[in-house]
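The data blocks that follow each hold one structure.
The same subunit A turns up in both complexes below, where it pairs with subunit B and then with subunit C.
And now, the complex of A and B:
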């Protein structure tokens, strides 16, 4: 496992033989009722007498080295190469809801390209009154909006359709990030080009594509384009990262991550869907009878317990335990998350850190007591439409096992008496 | 109103639109003049594509298969290719023209894309070896799985079922572990975790029936 903590650590054998609890208990005792004084307190430590780094040491900082495990990871066997591939956000080690950009997952189809603001152009064409070219500087002159949204890859949890496969929330649920975006509503740019030429907007579409070689072209119904799509240039307060579409990406709230076109270069108003590669060959969901769903845009309500989890085992022994995780829904705000410790026999309602926001990650906590009993931990999200996150079995009954995308099933972690957790399926 | 609310941006020139607006619609709209034969396509495919996709478009290594898999979509392990899965030929032309070869995209001429598209059709046994694909006969080609797609039906088939008050107590009698990820052992991890698990296995930790590997 990739966890680390300061202070005395139980040996591996102790940990594995279940003595970890006793060891951890001893550590805890030092703080509450120590028999011998703690040298970290009684002896002057180097940081309490010497000097730290100056303010000129780090113009733009990275996390402290002790957090080096909180990084993106990739899974080599998933794809043919690392250019058209995916990596995973370390959600098992994060808290709150905002994903640090530096470890927020990446998904490229022809690599992360380097595009200067000076070289950036955005074209609006097709059924518009006047086709337009914007520079990056032009975009910064339109009225801006700011919103927090999750971006979840359609394939998140996709490797888990046929069984329990990858051992860690990072790998099973980490194709997701949640950022505070600043940008211009797509509606504003379309109106700047003029939509009289498009006539009735009800049956119109837009086609969006990126500057990269893959282009990642997708068709989006005009109703969504005019509703809440954002042409974003800032995330979490700063410019987008190169790998997230610098300098401009499309934000499509609640909808599958593939549609969040990065390095956005063109928006065309069209009278029908293009049926591009990314909405025919890919991002279509094959059902058990061989028929496939297309245009499955919305990401349904979903949740996962991030700790305890396989990469975040219980190492502190018995007593108070914080069970925490994330919930989200492409249909709107999360209204409730239930947690089960017994594989779904009984449920208790967790505490939301703050009220759910539309199409954004929501943090939940269940403050509990653990005395070494085995647990089959599950979380179950509900959104404002009343939708309740289904089990994998419920999903399979309708879809079979080959739809690849949109697996929003309830996840189970088996927590063992020694505090380790494992990705399992239960009856 | 006709937009122009802010007066930002400038009018796109026809040459600029022509350079970037190259998408092809399912009805063939956007296709340029041109043509290419299966025979020319075979040579071009061998030179530009076969290193990844195989000489017969059957795929090499982990790279995508472009041919084969007919009738496998309802199988346990479907093979999705242009022939077995893709609905429209327009997508093949568009995607090859715009994004292939991988690493050297937008280097194929229109005639070359017609020829390679013709060869992919031939590889899928959808045309004869003397076939010539052109803008004029493009729509005569129908891919086998054109009718294999339905529009997202979750609002009818799923949402009504799952928008109900969930069970909170006594929801099931028994709960058993039916699959474990560690049996597959395909998660990238540091050495310590792997060793720890092996040690645990030696100590006689119960393991359940193995899940099926699904790469």
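And now, the complex of A and C:
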């Protein structure tokens, strides 16, 4: 292994006995006459003799038809109208860390609008020396940066506050994506508008809104605006998709997804938070005493096992098993992920595919053995601040059960002897 | 800037005079009554009042219609039949480093076949203790790795040997993609077949072939097979696309793309190179004396400016200009990229968006100023071995002009006063 390997490394012999038993010993078996010949080996297959499809048929390619189940899912019951909706990344079927735009989670409040680059304008106004309006072509003239960041909806895992509700990682944890964003630092544009002559920045805020009818206005403290926010126009190398805010969206690393305003229209420098609809009646967490928490922007460290999981059961026999999942933190880089098979009684440290990167998804693996025993699978993430992902019980003690947003508790899958998995709650 | 910044950093004042002149001063201009009011600012637009499209319409999303020109291109004249063809990544229109699968370069020799995971088999045979056949499910049980790697066709830039031929970075340099691959190290599967008991590995080779009719057989020395080759099943998080080898392809980091065998069928351990059609009559470089170079696998360090370029002219006024492009090396990480505006007489060191990663595309930027002067734009890449990308003249001196493959010379774009760019050759 060339990557860092923090967990126990299975021996080669373990795989020899395991994978070979599952089917990898077919050559030897056929030689001894012990098994039924596999026609996929013994007979010439049509794909080995004929011509496949030409590339001219796919100037912009789509997934093969056999993967038609690996798509975003919408659930009608979650929002008042399907036009005011949300959809879920099929994280149970993905691997690695990048989310393709075509199946990347997104949420919009009044539909996905179609806005040409030529018609795009971005205004910076309010407490600035020089209010400015930028065209798309203007934005392309400023120095750009690239960063891979996760974007998670504040409501991700929200239905689970009350107990195990949704049967699948896509639905419990799929309101997240992770893409390579390219854009201009918001700081650069604010400075262009003469912000640094506008007095003490510590007291200032920005109010950002989108071109869509909802406008989805949000207040952001100036310290964050000047730190790492990006005015982004590309994701995973290409233009943003319509539903991701084409042609320009705001990227607010590590902070809840609804602040990543799409179809970005205006950034107003103000002297305090605006207390808009989206940050008062929505996107707030009500505690047991009826009082709501103030300013819950950062997405705390969290993780989920994507396979095995309810939508990705174990379908092979006993022996080697790869347990894998995703971890992330809005406070910085993931430093460690532990996996439990017994509902949190004992833990094994998983292997991180790559060292954790700030505010980006980290893939973890536990290369292990399974012989049909029941498992209560859990993962728990730790980030560079020393924070450890809490249990649901710990979170409820502090937050009560009124919340919809900011549920970053440890998730449990019950894996049965037949390999199927179910969303359960352990106490 | 939070990223490394190796080039000269333009001052803020530079942008104030530049971008504002280009249109970003509209607010001030309107306030003074000097400019025609912009109806996109002064009038309420339809996208701000109506509902956009719902997400249920896009379970797997495609680019917005306004980006329909950002697609792979095929050229009929390059290969004998369109079914035996190649296509080009629209690198002139992308930014960042990740190539979306939907527009990622690929080449196939007998069409893109459709092979279900259930019908997939991978045989390892030849000089091994225990010949094995793996199903797709077997492969998923071995420890996986993830790496972002570039895949470049040996023929990329091949038409340029004889002089400036093709007008656009997509056609001169677009036979390349860069994706996050997930798979099992080939080493792991070879060890599973008992390779380490098969004698001295240094003398051994593997011969790999695909399930398609062409089989595209290639010989690879064992040292590379045991080093970093991946048996990959995901790219950018999701299943490989059909045309990229669904469900399984070989990844041979830094080596020419035709060795990345798609629809991987068989890995035979042999005691020497097979000298197959694809490594004798094809994919060899004939020198001026008529003798062909032997074993030209590694793709040497190379770079190209993607914008401005013939397909991406300068369309804004004078002032700030972002020059950007891609650099890569099959020998390791890119350490530096220089940009010349005068055909190689003087050079400025570009800013790398991130530190170079081994055998992966690196994005570079030169944040500069342009006042309508003619430019002969060039980029030259350097890698961690100390290698410097050569000029076409230097390459011709060694290789002559008979070659098709392995042209990694410095490319020149002639930018005219009107912002248009043309592929030219400088001596």
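Throughout what follows, the second predicted complex is superposed on the first by the 391 of 427 C-alpha atoms of A that agree within 3 Å, B and C clash if a C-alpha of one lies under 4 Å from a C-alpha of the other, contacts with A are read in each partner's own complex, and residues count from 1 in each chain.
Simple rule for what comes next: a residue touches a chain if its C-beta (ideal position, glycine included) is under 8 Å from a C-beta of that chain, and two chains touch if they have at least 3 such contacts.
Since the model is a prediction, treat every value here as computed from it, not as a measurement.
**Student:** When the two structures are overlaid on chain A, which partner does A:67 contact: first (subunit B), second (subunit C), both, or neither?
**Tutor:** Touch status of A:67: second partner only.
**Student:** Touch test for A:414: subunit B only (first), subunit C only (second), both, or neither?
**Tutor:** A:414 sits against subunit B, while subunit C stays out of touch.
**Student:** Mind working out whether A:320 is in touch with subunit B, subunit C, both or neither, as first, second, both or neither?
**Tutor:** Second partner only, subunit C.
**Student:** Can A:123 be said to touch subunit B (first), subunit C (second), both, or neither?
**Tutor:** both
**Student:** Once the shared chain is lined up, is A:102 touching subunit B (first), subunit C (second), both, or neither of them?
**Tutor:** A:102 contacts subunit C only, not subunit B.
**Student:** Which partner does A:132 reach: the first (subunit B), the second (subunit C), both, or neither?
**Tutor:** both
**Student:** When the two structures are overlaid on chain A, which partner does A:274 contact: first (subunit B), second (subunit C), both, or neither?
**Tutor:** A:274 contacts subunit B only, not subunit C.
**Student:** Kindly list the residues of subunit A that each of subunit B and subunit C touches, one partner per complex.
**Tutor:** On subunit A, the residues that contact subunit B in one structure and subunit C in the other are 1-2, 12, 15-16, 73-74, 110, 123, 125, 130-135, 138, 141-142, 188, 191-192, 213, 215, 265.
**Student:** Per the contact definition, I'd like the list of subunit A residues that touch subunit B in the complex.
**Tutor:** Spelled out, the residues of subunit A in touch with subunit B are 1-2, 12-13, 15-17, 73-80, 84, 109-110, 123-126, 128-135, 138, 141-142, 159, 161-168, 171, 188, 190-196, 207, 209, 213-215, 217, 265-266, 268, 270, 272, 274-277, 280-281, 284, 286, 288-298, 300, 310, 338, 342-348, 376, 380, 382, 385-390, 394, 398, 401-402, 414, 422-427.
**Student:** Applying the document's contact rule, which stretches of subunit C touch subunit A when the two form their complex?
**Tutor:** 1-3, 9-10, 12, 15-16, 18-20, 22-28, 38, 40-41, 45, 47-56, 58-67, 70-74, 82-83, 85-87, 93-104, 106, 108, 110-117, 119, 121, 123, 125, 130-135, 137-138, 140-146, 180-182, 185, 188, 191-192, 211-213, 215, 228, 233-234, 236-239, 241-243, 246, 263, 265, 315-316, 319-322, 324, 351, 353-354, 363, 365, 367
**Student:** Going by the contact rule set out above, which residues of subunit B touch subunit A in the complex?
**Tutor:** 1-6, 8-12, 16-17, 20-21, 23-26, 52, 61-64, 73-74, 76, 78, 80, 82, 85-88, 90-91, 94-95, 98-99, 102-103, 105-106, 148-154, 157-159, 161-172, 174-182, 184, 186-190, 192-193, 195-196, 199-200, 203, 208, 211-215
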